[in-house]
C-alpha cells in the first residue's frame, strides 16, 4: 500500500519551465547603494528612500529567526540579486496585446489565460512578472467606482499620501527579520484603495511569478478598505522549475477601517523542489491585517508549493466587534516543510475569530501548524474557535501542532481542538471495491478533508485549488 | 541573572554519599556551563525566573530550633495508612517518619545506602533525564545530599502507599533544598507513591529543586501523586521523569497551588509496547501567584496509549502556564494519545497561557488535543440562581464541579477525601461550600 | 459466472482458506454459512482483493477472466460487488460524490459515457426510497455518523446503483432489526435476475427466510464441508453447527 502511495506521489512539477526574456538585473549583493539604485530606478521620492534605508539599517542589526520547525541551509543574502525587471519595463504595454508573447505563453502553459480571465471571469488582473507589473486591466471600470488598483511603485508616485499614511502601519519595518528586509528592498507589488462605502465591483486578482534565476522576490502589497467598503482579493502563484533555492519574502498589509470587509485568498503553488528536496522556493512571508470597529478580515489560503514555508497571516482585531478568520489548507509532500498558521490578537470588545487549519503531510513532508490566539485585557466578550486537523498519508511524514493560547480576560472564550488522522486502508479499500482507483480515492478523501476551507474560496479558485491538491498529491496513495 | 548560576553553584550542600560524589561534582560543573533561560527561551517563555535572582537561596537551612512534633497536623492524611518518610527543610526527620519495608517494597535513604543499593542508585540516577532540556536537573544533581530510593520486587503487590513528605519552615535567611527520589518498580508489581510538598503557614524563604525518577518495569502498575501545597512564598522547580516498559501502567495525579515561582515538568517515556499513561492535574493559582506545568509524553514505541487531562482555575491576579507536549516518534504506530486542557478565569486580572503541542512522525496514530479558556457560563449560574442558590454559592459549586471529576480520579481514595475540602477552601468561604462537602 | 478451484489463502502465518471449490452459475443465489472464524468473511475479502491476505493456491474465474490477476477496483468494474459487514466511514466525502465517482469509474471502464449528473442524482434519489434511506443522506459524508442499519442500507443503495453481476453480501444481516432486514432482503430480491448472481454470507438462517437461496454451503475451518439446498439451512438452524462438524468428522 505505501509503495503505491510513493508511486503516486511522484509527479513532475507541471509548471516547470523557464521563460527566456532579457532581464535588467542587478548583480548579487546588498548594501545601501543597492537600495539607492532600486529607489532611483523607480524614481521614488526622497521620503521613500529614507524609509527604505532606515529599514535596511534595522535589518542589519536583526538576526534570522530560527524557531520554526523547518531546517534549511543558511541563506547568503549577498548571493541574491535584489532587482530584476523585464527589459520592456520602461515602456510598459498599454494593453494585454502588447505583452511579450513569450510571457503570455508562460501564463498559458500554466493555464492562466489572461485575456480569457479578463473577459470571462470579469477579473482585473495585475500580473507581476518578476518584479515589475506588466499588465493591468479593467483600470477604467475600477476608476469609475473610485477604486485604486495599481502597482505599489505607481501608487508611490500617484497616491503618495495614502501610501505614506498606511505603508508599514500594520507590519512595521522592524517587525521581523524578513519584513525589515522587504521594507528595504521591495521591488513591486499591488496597491488597493477602496473608498468609503464602495463595494469593489469585481474580484481583484494578481498572479505572481518568480522567474529570473537567483532573484529574490520581495513583493509589497497594501490594501486599504475605507469605512464601510468591501473587497475580495485573490493572489495566485506558480513558478517555473529551478535548481537554486529562491527566497521570497513578501509583506502584505491589510487595513480594514470601520465596517469594512477584506477577503484575501491565496493559492500558492511555487516550485516545491524535487523529490530529493533539491531546489524550490523559500516562502517567508509576513501577512497581517488590522480590523477596526465592526470590520471583517478573512484570510483563505491553499498552500501546496514551496520547499520551505513560514507564513502566519494574522489579524489584529483592534476595533470592537471586529471579526478575523483564517482558513488554510497546507500540503507538504516529498521533502517540503511548512510551518504555517495564524495569529489572532483580540484587542477590542466582542471581537470574534475563527481558525480552520487543515494540514496534509505526505512523502517525507513536514507540516506544522503554529498559531497564536491572544485575548488582551480589553477583549471583553471576545471569542475564538480553532480547529486544526492533520491528515497523514504515508509513514515517513510529520504533522505537528503548536497552538499558543494566551488569555487575560475572563469573559473571553477560547476553544481549540486538534486531531490527527490518516487515510486508512479500510477507506481506500471501500473506494476500490466500488471501482474507484486509489489515486482518485485519496484525492476525494483529501478534498473532503479540506472542504470547510475550499468553501471559503471564490468559485474559480476553489476549482483550481482542488486541481492543485490532486496534482500535488499524485502518487501519495496507500 | 548570571549571578544565580554562580551563587547556586557555590552552595554548601554538605558531604555527598561517597558513591555519588563524582556524579554530584559533574552536576555542578554542568550547571556552571549554563546560562539561565530568558523569556526568549521557548520552555520558559511565560515563566519569569526573577524570584531566584532576588533571593540567593544558596545557604544551608538552619538545623535546630524546630519543634517537629508541632508539624504533625501538616502531614497527617487520615485514613491513608501509609509508610511515611518526612524531610524537614531537606533533612530527614526521624521523629515524623514511620515506615517499614514489607510486601516487597524496600525504602533506603541515599545517605544510608551501601553495597548493592548504592550500586543500583549510582547506576540509575539521572538516567531518565535529558540534561539539555532540563537545566535545573543539573543543579539538583549538584545539590543532592540525601534522597529516597525505593525498590519494589517483581510481582510484589504493595497495598500500603508510600508517603514522602518534604516540609519547609520559616527561616531567618533564604536557603535551598534538593529533593530527590528514585523508584524502581519490578515486573508485574503494584504500588502507590505520594509525594507531598507542604510548608508551615508563615512566609517561606526556600527554593526547592526537586527531581523524581520512576522506572516502571513490564506489566507493573504504578500510582503516583505529586502534591504542591506549599505556602505561596516558597519557590519550587521540579521534575518528574518516568519510563514505562512493556504493558506497564502509570496512573498519575498532579496538584499545584500557585506561588512566587512554581514550575513542574512531568516527562513520561513510553519505552515498551502496550504501555498506558493516565495523567491528570489541577492547578489553582490565586492572589498574585503563578504556576507552570510542562508535560511531555514521548511515544517511542508502538501501541502505547496516553490520556492526559489538566484543568485550572485562575483567580485574582493569578497566572497559569500549561504546556502539554505529545511527541510521537516514527516507529510509534498505533499510538492513541489524547490531551485535554481546560481553564477557568474567575477574575479580570487572571491570566492563562496554554499550549497543547502535538508532534507526530508516525502515520497510523490517533491523536487529539483540545484546550479551552473561559469563565463560568452565565447559563449555568442562572440555572442555579433560578433554583434559589446565591450567585456566590453557585460559583463555588460550579468551580468545584469543574475540577471534581479529576479529584474523583485521584488513584488513592483516602487522598481524594483529604484533598476535597482543601480544594474547596481555595475558592470559597466556609459557608459557601456546605453543599459540596 | 464464478468458478473457484482449490483456493487457499493465508493471513500472516495462518491459513484461513484451506482449499475452496465453488461454482456459481448465472442467476443463482448461494448462501455460505459457518461459525465465526470459519473463513466465510475472508472468502468475500479475498474475492474482492483486499490487502492483508495472500492467495497461496487455486484459481478463480470470473466471467472468463482470472479474477486474482485484477486490481480490486478492476474486479469491481468487472461487476463484482462486496457489501461490507462493517462499512467504513469516510468523513468529508459526500455519499453523492462517492456514488458518482464510482459510477463514472464503472462507465469509463466499460467505455461508456459517464452518466449525466442530473439524471444520476434523480436515479439515486429514487433508489433511496427503495432502500428506505432519507435522500438527505446523499449529502452527508460516506457512512459518517450513520447507524449500523443505515450503513447496511447504504450498501444496498450502492449495489442497486452499480448493478453488479455478482454481489457478495458479507453478513449484511448481522446487527439488523427485522424491519431493516426486510428492506435489505426486498432490495436484493428486486435485483435478482437471470444474469446476476449472489453470494450471501451469513451466520444466521433468518436472512434466508427473506432471500431464498438456490444452494447452501457450510464452511468450516476454511473448507466447504457440506452443500445442499435451502433445507440445509433449516437443518443447521435446528441442529447447530456442531452437527456438521460431527458429521464431517
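By letter and in written order, the chains are A, B and C; residue numbering begins at 1 in each of them.
Going forward, a residue touches a chain if its C-beta (ideal position, glycine included) is under 8 Å from a C-beta of that chain, and two chains touch if they have at least 3 such contacts.
Please read these numbers as outputs of a predicted model, since none were measured by experiment.
This structure's chain pair with the greatest number of C-beta contacts is A-B.
Set against the Cα centre of chain A, the chain with the most distant centre is C.
Among the chains present, the centre nearest to the common Cα mean is that of A.
The distance from the centre of chain A to the centre of chain C, each centre being the mean of the chain's C-alpha atoms, comes to 49 Å. Work out the mean CA point of chain B and of chain C, and you get 56 Å between them. Taking the mean of the C-alpha atoms as each chain's centre, chain A and chain B sit 44 Å apart.
Remark: chain A residues 1, 424-427, 429-438, 440, 444-445, 447-451 touch chain C in the complex.
Partner chain A is touched in their complex by these residues of chain B: 42, 46, 330, 333, 343, 345-375. In the complex of the two chains, the chain A residues touching chain B come out as 67, 375, 377, 390, 392-422.
By the touch criterion given at the top, residues 48-52, 71-73, 75-77, 81-82, 84, 87-88, 90-94, 97-98, 101-102, 105-106, 109, 141-142, 158, 162 of chain C touch chain A in their complex.
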